[in-house]
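Look for subunit A in each of the two complexes below; its partner is subunit B in the first and subunit C in the second.
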Partner chain A sequence: MPSLAPARKYGKCLSLGVKAGIEYRVNILFSIAGAISPVVIQTALWLVLYAGDPGAIMFGFTFPQMVAYTVIAQLVTRIVRTGFEYDVNYDIKSGGLDRYLVKPIGYFGFRIFSFLGDKLVQGAAIGALLAVSVVVMSTALGFATTAASVLLFVLALFLALAMNFLLFWCVSLSGFWLTEIGFLFEAVRIVIVAASGGILPLAVFGPDAERALKLMPFRFTIQFPTEVLSGRVPPSEMLPSFALCALWLIALAALGRVVWGRGIRRFAAVGS
Partner chain B sequence: MMGEIIRHFKIWLMLVRINFMSQMEYRVNFVTGILMEAGYLLAKTMYVIVAYAAGRKIAGFGPNEILVFVGSYVALTGFYAGALAMNLFGLSTIVRDGSFDMILAKPVNSQFYATFRRSDMGPFLFDTIAGIVMVIVGLVRAGFGFNPLGVLGWSFFAASGAAVGYALWVIPMTFVFRIVRADAIAALADSFWDFNNVPMVVYGRVGRAIGTFAIPIFVITNFPALFALGKLSPPLIAWGFAAPFVFGFIAARLWKSGLRHYASGGN
Partner chain C sequence: MAIIEVEHLCRSFDYYEKAGGIGGSIGNLFSRKKLVKEAVRDVSFSIEGGTTVGFLGPNGAGKTTTLKMLSGIMHPSSGEARVLGHVPWARKKDFRRRISIVMGQRSQLWPDLPAIESFDLNRAIYEIDRAEYRSTLDELVAAFAVEDQLKVQVRRLSLGERMKMEIIAALLHRPSVLFLDEPTIGLDIVSQRAIRDMLRGLNARFGTTVMLTSHYLSDIEDLCERIILINHGSVVYDGALSGVNATLADRKTVRLVLSEKLDESRLSSFPGYKSSDGSTAVFEVDRAKVREFSRKALDALPVADLTIEDMPLEEGIARLYRGEAPDA
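And now, the complex of A and B:
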């Protein structure tokens, strides 16, 4: 039987992801609603902290920059959030993974293209809200961005999606060794979000911790795209940052490949 | 009345024991559940880091006092995450699939059983202990010595806050009998919990009034901290006594009225 062309196979996976995204569109609304409380809490906190000295710079941010960071980072967090790790764990645990092993399609490819398809729908909805937020912040806070920043933001966001996918792909493969890991995913997620600047900017941790965290892959999932859109990444740092991001992507992809290779040898398809 | 409360408390202790035994069958899950709470604790303490690192007061409260607020919030989160959340999130499912019938058939109050039947001692103990330690450290660093009245007051307002928190989460969940699929309501109610991560004084007068009297979210964890810091005014002390009864009564009435709409549809 002639094998399907890769572009066609994975194009189908992408369209399946898009359909899933449209089917569960109410989830997008809840996801956006979930961003409201952190934005309100943090804005109230920053209002009080900057009160009396609107020109103050705290953690390297002026008040408008801090509010803009809060809003953009919360929306980026929602865009890059994964969920496929539960499906991978279920496939391993239930033995359903064996169905994919005999199909003329790679499981990794199936998962990443389904994930990206789902994110196309979410990204479009949340991206529209982000565009509205940028316009509102431009009027209310004097927030400014450029066409170049927007283009680089789209690229950084795409890499952030790939980075978060690879991080959780590696974590999800622990299902080959552990049977009960539902809570582990959430534990890892909250630590990654904190280390990505998804709750507060990394500068809050202090200069030493910030320097160390900037070398890790996590910030490329939230803080880096957020700062690219805000124009806070100096031009001299742009290329090295993208290069470091690419290096981490390659390293995580290689790690995922090694772990998959070892894990699949342990897979017994119990339950299928 | 008192006898009924004691009887239900004994039943709850038995349910906790059964849940704990069942959790011990899956120990990795129990440990990873605690790891997850540790992750959430890290997220909550980031606000304390901001208070210390910013080097300025937040609406009149110094970093040590902010630690008392966040500690109270973490301690009460133990009650919410360990004793309440999984029941509220699971309510929609048991109403939808009809297994709520079994709860109605039991010789205990249905509201009590449906909202307390499951518990998770991992987050309950982890958050409660971590929160109390944070409160003690914050108070000691802020120069407060050991004060039995302060300990009693904090414990009373923490218990009062837990009761108000319980009522506030049961009230929206009573809609589950009318609309059946109420996962969204549970998720939305859950997101309100985080408003206690910072002192209520940061929300401005209107926000404070709404959060204290209309939807008394701040009674839950801000009142114990304010009392321990000696900044809870007499009218708010009175409200701290009254709010659990007012909102507990409303929750019980809405539960009873909601039950009339239960159609046992999944069977």
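And now, the complex of A and C:
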């Protein structure tokens, strides 16, 4: 009979993340508050753009659909946002990585389960807000979703979390070669948020750019789950999209493994 | 049976020379001179199971680098090592379950968690049976008298409290090999003694193999029957602690307490003069000539008291650091 010990080990890491999430609950409030201003600014922008013709369709969106997209995308952005990359960089830079290397636990496993634990708390809080937003938008904007869309959204959101984790995991491992990478994280975050449809729907960038961006992994972090909940993904595209998402997850996990293997050989903890 | 085997282990680090000032910083943007530091050079030794070995050397000698390689944290540049039959840097799970490392200058605990949470996390990580964990923890907590600090965040503990927690965390899974890198650094005498007592008991009861670095010779004298001295990355002495001063056995320290202050020029005219603060003078004298030296000193100097001592261990170690072989 297989041992349950490894599951308990990583379950403990998950519970650590949950505890951290609860302990830093004020942080969740700030995260939600941080979502308000982009929503207000973007809604104001769309109000101006749609003002001349309230029934217009821009980039495939009516005005109510665009506002709904803006709200959902912002909340999804908050849910999938990472922060562990700073811890990874600090562990590499300060030598704190030692504490994981000498113990029978994988550092990747520790980080991803702590991250998911933390996200369980944030996800519950922001998810509740999202549910309220959906109810409000269905009344005010005629937003409609289905039970199937909600279920697929939950799956897409879980994959979005994994995708964002792997993207930032790979970036954070550059700490093995570069000493100061705080700005790199921010630069990458801005590019990913833009390329994932977190600021504007990808259609805004034009058909060619949209086609190219749809093949990249970034849209699976924000736009894809947002569109799944909004019912904007045609049934014929659903399975291929999930399959592409899974392929990118496998590719990024493999890339992370290779980079980790090379980086750890370079690792020279401070002090001699 | 050798539990730790090290052969021709080397580790070098690349670093860059940086000129001072703004000009230097700007110049550095365009060209940097790469330098190589050989932290560990061709180190070889083996350690039998159940022994406690002191691993000594001045700052920057390569002690911590060697321990990091032996605990699997760091890869060597070249050479080989086996600990418990494993290549440490392969970091096999069985190897990691059977070793522990405590570093005085770097915490192995999670600073944001209370110590008890870190212990519980270690229980899960090392897959320790709950009843066994409970009894080991109770025993260690009682030995160190840290029950009141268990629920305090590690970052809020004093250095002494933290070190005790570090050692508890390192011992929960009853490791076969324990690497200790300056575990008593910065601690008061009571805490140092508590840690030494714990380590002595551990070695006696469980036959744990311990490799210890420390700048406090009391740690070494209390715990180690054998020492390995390393300097500039190379082993300069490997043998019994008693052997360090073997060549100094024919030397004695003669300490004179003077009834009046004397100029150094007058004291230094005596053979073997080492140092003086005006009222006390120290001489290093051949054992065979101690009687003659004492008679001359008593006749020629205003001596209020005279003591004759063996050469201190520090002196023997300092000589080895300077590259003077013990049988020189």
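Criterion: the second predicted complex is superposed on the first by the 265 of 272 C-alpha atoms of A that agree within 3 Å, B and C clash if a C-alpha of one lies under 4 Å from a C-alpha of the other, contacts with A are read in each partner's own complex, and residues count from 1 in each chain.
The rule is short, and it goes like this: contacts are C-beta pairs under 8 Å (C-beta built on N, C-alpha and C of every residue); 3 or more make two chains touch, one makes a residue touch a chain.
Since the structure is predicted, the reported quantities are computational estimates derived from the model, not experimental observations.
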| item | value |
| --- | --- |
| Contacts of A:K93 with subunit B and subunit C, given as first, second, both or neither | neither |
| Partner chain(s) touched by A:K214 [first = subunit B, second = subunit C, both, neither] | neither |
| Which of subunit B and subunit C A:L16 touches, first, second, both or neither | second |
| Broader residue contact with subunit A after superposition on the shared chain, subunit B or subunit C | B |
| Partner chain in contact with A:R265 - subunit B first, subunit C second, else both or neither | second |
| First (subunit B), second (subunit C), both or neither touched by A:L200 | first |
| First (subunit B), second (subunit C), both or neither touched by A:A187 | first |
| Which superposed partner A:I105 touches (first subunit B, second subunit C, both, neither) | second |
| First (subunit B), second (subunit C), both or neither touched by A:M58 | first |
| Interface residues, subunit A side, partner subunit B - complex | 26, 30, 33-34, 36-38, 40-41, 44-45, 47-49, 58-59, 178-184, 186-191, 193-194, 199-200, 204-206 |
| Contact footprint of subunit A on subunit B as seen in their complex | 26, 28-29, 32-33, 35-36, 38-40, 42-43, 46-47, 49-50, 53-54, 56, 58-59, 184, 187-188, 191-192, 194-195, 197-198, 201-204, 207 |
| Complex contacts: residues of subunit C adjacent to subunit A | 13, 37, 39, 60, 62, 64-65, 68, 71-75, 91, 93, 96-97, 99-101, 103, 105-110, 112-113, 117, 120-122, 124-127 |
| Residues on subunit A engaged by subunit C in the complex (per definition of touch) | 3, 5, 8-9, 11-13, 16, 20, 95-96, 98-99, 101-105, 265, 267-269, 271-272 |
